[in-house]
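Order of writing sets the chain letters: A, B, C, D and E. Residues in each chain are counted from 1.
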Amino acid sequence: MIVGTVLGHVWATQKDPTLEGLRFLVVQPMDANGQNTAETIVAVDPMGAGIGERVLVVFGRAARHVIGKGHDIGFQTAVAAIIDRMELKDRSIGPHVDQDES
Amino acid sequence: MIVGTVLGHVWATQKDPTLEGLRFLVVQPMDANGQNTAETIVAVDPMGAGIGERVLVVFGRAARHVIGKGHDIGFQTAVAAIIDRMELKDRSIGPHVDQDES
Amino acid sequence: MIVGTVLGHVWATQKDPTLEGLRFLVVQPMDANGQNTAETIVAVDPMGAGIGERVLVVFGRAARHVIGKGHDIGFQTAVAAIIDRMELKDRSIGPHVDQDES
Amino acid sequence: MIVGTVLGHVWATQKDPTLEGLRFLVVQPMDANGQNTAETIVAVDPMGAGIGERVLVVFGRAARHVIGKGHDIGFQTAVAAIIDRMELKDRSIGPHVDQDES
Amino acid sequence: MIVGTVLGHVWATQKDPTLEGLRFLVVQPMDANGQNTAETIVAVDPMGAGIGERVLVVFGRAARHVIGKGHDIGFQTAVAAIIDRMELKDRSIGPHVDQDES
């Protein structure tokens, strides 16, 4: 599992039928300084997270559990939680990425 | 799941029989600036994506679902969608990689 | 499996119901010099590890075993042990990250 | 799945019994410029790929399928195909790594 | 699967009961030049590999097979073989890391 920041949305018309009606987010993993890394992953979001919000992203069987449509589906990454707060040794991080972090 | 750009095609004569008749793409993952990373992955494509198109790539059980040939197959990565549009905070990204991005 | 250092805690109100009542840690993987890498992962902790402690983090089925709530859960990373000591060729590393390492 | 170049062979006398009689290759993943990365992986090769040949490497269940010895085996990476040709946007890549690429 | 060098040992008193009585090694993956990377992984070792020895490390189901304690265990990485020799294009690598490589 990782914590990442919602960077944006993805739309696709031509897709596996099991992707129909789902919300796809682009998420940037967070590094140990609370900054975003250059990498991106795509996650199905059943929670309605907004751009700039920090989310907990899970993979594989855990993602299929979160989505709740069984195991025969064409995706394997999902948002399992929207982060309220993180305490990282010497700093507290709120739910949104601050202006000066973007 | 990741978003990547189709970089090209792979052909192989000597292969596991379950790979027969499938289309194999080389895909480059996208970073948080919408640029391609140096890494490459290979994905089976049941959707007919063209070179330069952005695609959603899935792994493992999700990839086997997308291909629809059961679980006893010799590959584990597939294109699950062809991207129409992405909205990333301050930019909109269309389905094709632009000239100046290549 | 990796060894990492507990960097802090994560709280989320809006989450998959199976995450209710669990303790979520942010962990930084350790490199070959005993230093922390920039990457972070999130792990469920059933052991009560404190900030700065080194832990053994496991993934997937092993993590579900450690948590003991079956396989239909929305997370896939867990602390399986709190490290007492590591002997790495030319150095001995105790359970806590030293001041000069932080 | 990834494309990589066969870098060499591995021999081991002391090993899990299910590894007996198999051919183990060291493979270097290919980056988006057709160059080899610094990383290495080890794959069981049922196809007889030679040094310098490009191969398609698969993982997990797909690798177990390719080897065909059931699911209770002590390895999880295999060569699923020997590449004949790759077309990557502006270049064609043959089955062998050229002299000037090595 | 990867080849890595045994860097040292890990001890933990507080741990999942299924980890009791097992030997945990810290292993450094090898890059394409036969050098160790900065990354570390932890593997259960049923083979008795010593510090500086090169080992074949496997993950997930393959690791559970190698350990032979069923699938309900709290770890997922294991040593499947101790390497005798590697032939990498232009060099031969023996079982131990040489002085000048350490």
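In this section, a contact is a pair of C-beta atoms (placed from the backbone, for glycine too) under 8 Å apart; a residue touches a chain by one contact, two chains touch by 3 or more.
In this text the structure is predicted, and so the values were computed from the model without any measurement.
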Checklist outcome for this item: Co-neighbours of subunit A and subunit D resolve to B
Next on the checklist: Give me the C-alpha superposition rotation for subunit B onto subunit D, in degrees, nearest 5.
Outcome noted: 70
Item to check | Inter-chain centre distance, subunit C versus subunit D - centres from mean C-alpha coordinates, in Å | outcome: 32
Checklist outcome for this item: Separation of the C-alpha centres, subunit C versus subunit E, in whole Å, is 20
Item to check | In subunit A, residues with contacts to at least two other chains | outcome: 37, 60
Checklist entry - In what order do you meet the chains if you trace the ring from subunit B in the direction of subunit D? => result B, D, E, C, A
Next on the checklist: Per the contact definition, I'd like the list of subunit D residues that touch subunit B in the complex.
Outcome noted: 1-3, 29-33, 37, 47, 56, 58-63, 65-66, 78, 80-89
Item to check | Residue ranges of subunit D touching subunit E (in the complex, touch as defined) | outcome: 7-16, 18-19, 24, 26, 28, 36-43, 51-52, 60, 64, 71-77, 102
